[in-house]
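Each in structure tokens, the structures are laid out below.
One chain, chain A, appears in both complexes that follow, with chain B as partner in the first and chain C in the second.
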Partner chain A sequence: MKRLIARRPWIVTLLAIAFVLAAWATATWTGAVSDLLLPTPDELWSGAADLVVNGYKGYSLGAHIGLSLMRVAVGFGIGTILGTILGLTMGMSPTVDALAAPFIEFLRPLPQLAYLVLLIVWFGIGETPKIVLLFLAALPVSAVAARDGVRQVSPQRLQAAQSLGASRFQIFLHIVLPSALGDIFIGARLSIGIVYATLIAAEMIAGSSGIGWLILDAGRFLRSDYVIAGILVIAAMGIGLDRGLLLAQRRIVHWAGK
Partner chain B sequence: MTNTRLPGRRQVLAGAAGLGLAAALTRRTARAATPTINIGYFVETKPTMIAKSQGWFEDAAKAHINWVEVGSGAQINAGVVAGSLDLGIGIGSSPSAAGISQRIPYKVVAMLDNIGPAEEMTVRASDNIKSPADFKGKKIATPFGSTSHFRLIGFLKTNNLSLSEVTVLDLPPEQIVAAWKRGDIDAAYVWSPAKAELLADGGVVYKTYDVLDAKGYVIADLIVARNAFATANRAAVAGILSAYGRALDLYQTNPEQAAAIVGPAAGVSVAVALANLKEYDFVPLKTQLTSQWLGTPGHPGAFAAELQHTAQFLVGQKSIRRSLGLAAYQKGIDTSYLEQALA
Partner chain C sequence: MSVGVALLGWQAMNTLHIVPSGLLASPAQVVAALIDISRHGYRGTSLGEDIGATLLRALGGFAVGTIVGVPLGLWMGMNRFAAAGADWLVQFLRPLPPLSFLVLLMLWLGTGDVAKVGLLAITAFPIIASASYAAVAGVPVQKIQAAASLGASRGQIFRHVVLPAALPTISTGLRIALAAAFSTVVAAELMAGSDGLGWMIFSASQFLRNDVILLGIIILGILGMALNSILLGLDRGIIHWRGRE
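Take a look at the complex of A and B:
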């Protein structure tokens, strides 16, 4: 048995999943757990099928997913790109670091829900406040990651390049950037996690679309079938986004960790 | 020598277990003397705030009350399902109808008010909205899942306005005010104090409630009690209802004095409290027992049919899976506590 597990660890994984599914089916089908708390497997199936076929409150399931992905992509994209540029500059220039650090350090630990109402007052109720919220979630994380990446470049390499007569720009392009890229990607993966976690808060703003809003709205009426179907979709999307970034990381910074 | 030995590990453990047991027992007996009731409530301008702030609920129920502020009826439903709320005061008829349809283990034990004009459409005066057709292309905000949402969808439906012609946005009351001040929305279906703020800031009432009430879109605020709690604590539930009746009497005999208590308790000025109170049709406890409303045990009133209609509507909205037969909604109302409170 032990040898079997050692050779095929996925058997344990499969058994664990099968056990959870069996416990769920028994608990709900026997009526031990009310369907308000957990749907039965067939209710979940028909709820999920209904979402796929008929959509939810005005939008198809694909449109809900697409809108959420668009918000995440734009918020994360702009936040990470600007955050990385800011972080690189902060790493290169102590003046910029001194200038921007207090704001970044203020923003980074701030819970996003704290300024939700302000965003509505400032940016209204369209897509802008939602994207700004995600942008503000992504920006400080990537800035700090990029800055720390620059700071970890070994001084010997910088001095070697300088003594060989490399310009400031050449040093940045050929030494600093490749060295910091690993940290930048780690920051990006951290930040997509935070952005994704902020998505539900973003879709609380005057929502009527998006997978996060779908889960919130279904939860209001204890529609556990829609809620769990929505959670499965949002989890799959999250895994997909993270794996996508991991793939890009392995392609672009294939030397990291070697 | 042996007299002074330190207690061994076993003795310490046994002693600790004994102390723990004793503590648990004393706590249990203390609880039996003054039980704790967990009540979910809204901060709102209603006579319930008189009974709450004056401690009448505690006195009449002979219990300690743990007040849990909620923001929506959905939270009361979830709290009762989880067993962490024993009573919900001020829950709207639409979450209650949803709850009964989903067989949440609670019963409607009384009502507070027939909402009537207290929840109503407010439109921007400058938009010049005079007829249902004028709403085309406009943005209307309402808190989803609320009684206002139910009325708004009813308004759109009865006037053949589709959701592609009108944008309906899901915003909680305080965010409706923010969006209104920015000019992002043209209209809102909501209650006060948010409604009062819109009216003070360029809004006018667009009357919908009279027609909608006649077409079966009656909305009301209710009191619900968790079954297991209510059957085990009949006297406490009846006591809570009689304390509310006392507060309602005070409001109906002396509205100014009532508003002077309600205002500070709800965090608004006395004048605003008085104006808000006057918008609700608070149904006297005796009237609730008539066939027009809740009826009496064995003789259910007409309100059960309103709950059923609301539930059928919610099924159409995909908010709940199924509605039930009329009997289920009649059984979802238990007026015996109300009778006891009035006896």
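Take a look at the complex of A and C:
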């Protein structure tokens, strides 16, 4: 038995998962924990099935997920593209860096939700403040990543290209951009995590649709089965977003580490 | 330089009435709000109390996350059964947006400080645990074998080889975790708070007190930069061997 486990550590993983599930089932089925606080496994199952079939408050589950993903895609997309362009310029030009760095350094550690209320005052409560919020969350992360990526380009390569007569633009296109792309993608993966966490928070604070709003609203009605099912959907979406970027990174930056 | 120009431009936009002051308070108004609030407080809590409440929650949750996360991560790195038993949970929690737990925690623990500190601990814990785990797993095997072949005990290897080699990565994980906890505390205070800077901003937005919102944002930005530099300073002071191996 001991040798069997020693060779296969995943057995321990399965045992640990089984233990947690068993503890959950016993605690809820025996009534030790009220199902208002934690649903029983069968309640969670039927709650999740109900969400899939009937949706939640006027939108199907797919529509809630789609709305959330749309907000992430637009905010993250614009923020990453503009942030990367800004970061590349900052890396190439010390003047631009000196101009923009104080704002980027101020924005980066600032809790994203702090400026949400200001954006709501400015843009109302529709989609615009949420998308601007996600844009502002993504921008400084990708700008810093792109700038650091440019700075880490090896001087030998730059000098080699220069001595072969490459123009500034050629150097940028063929030397700087390919070597910085790895860092840009690392920044993008960091930023999608931040953007996604910010989106869920924004939907909870000022939303009337989307997966973050769903669990908040379900929590108000003490529907813990919907809350947990929603959290599982949020987890799956988060992992999916990260894996999607990882795939794109492997496809596009196939020369990384070589 | 650029900050000064931006501040001047900001003030100019207001004095020339390009932007209505209902939407964006001028720098002078923000300074006035700062003086007013530091003298009289904001709706019953003083500015110091709000800053203190936010910082205490963030640091409290961060401390709990560190006390649980670092030992667990180290243990996972040293013992592959511990890793097999706990890593799935850490990897499940890590990509989850922290606020999604807040609903459950408020159901379980109410809307007080216990739920908030618990939320921040859950925010910080998986980041810290997986950084500590990765740090130990990244210690070169040659170093451990060299120490073992010189007759070092497991405890000695851990104290003199593994821990010093793992500390730089752990410290980086702690910085990321504190930043995450600081972001989350503001969100939690916005949603369910009766004091703290997040609450101050939220409450100000309901009274359209633009100057107070901007003041809160600026204070939060400064605090965020300060927390990061303090940890960075501690890192440089304590882990003086970073990058010199």
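The rule is short, and it goes like this: the second predicted complex is superposed on the first by the 244 of 258 C-alpha atoms of A that agree within 3 Å, B and C clash if a C-alpha of one lies under 4 Å from a C-alpha of the other, contacts with A are read in each partner's own complex, and residues count from 1 in each chain.
One rule holds in what follows: a contact is a pair of C-beta atoms (placed from the backbone, for glycine too) under 8 Å apart; a residue touches a chain by one contact, two chains touch by 3 or more.
Just so you know, these numbers come straight off a predicted model, no measurement behind them.
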item	value
Touching partner for A:L222 - first (chain B), second (chain C), both, neither	both
Contacts of A:L113 with chain B and chain C, given as first, second, both or neither	second
Comparing the two partners chain B and chain C, which touches a greater set of residues in chain A	C
Partner chain(s) touched by A:D148 [first = chain B, second = chain C, both, neither]	neither
First, second, both or neither for A:V121, with chain B first and chain C second	both
Partner chain in contact with A:W213 - chain B first, chain C second, else both or neither	first
First (chain B), second (chain C), both or neither touched by A:I200	second
Residues of chain A at both interfaces, chain B in one complex, chain C in the other	36-37, 117, 120-121, 205, 219, 222
Chain C contact footprint on chain A (complex, rising order)	5, 9-13, 15-17, 20, 36-37, 98-100, 102-103, 105-107, 109-118, 120-122, 193-194, 196-197, 199-201, 204-205, 212, 215-216, 218-219, 222, 224, 227-228, 230-231, 234-235, 238-239, 242
Interfacial residue positions of chain C with respect to chain A in the complex	1-3, 6, 23, 80-81, 83-89, 92, 95-104, 106-108, 179, 182-187, 190-191, 197-198, 201-202, 204-205, 208, 210, 213-214, 216-217, 220-221, 224-225, 227-228
Chain B partner contacts - residues on chain A that touch it in the complex	34, 36-37, 43, 56-58, 117, 120-121, 124-126, 205-208, 213, 217, 219-223, 225
Chain A contact footprint on chain B (complex, rising order)	72, 74, 77-78, 81, 95, 98, 102-104, 141, 144-145, 163, 168-171, 174-175, 178-179, 181-182, 184-185, 314, 317-321
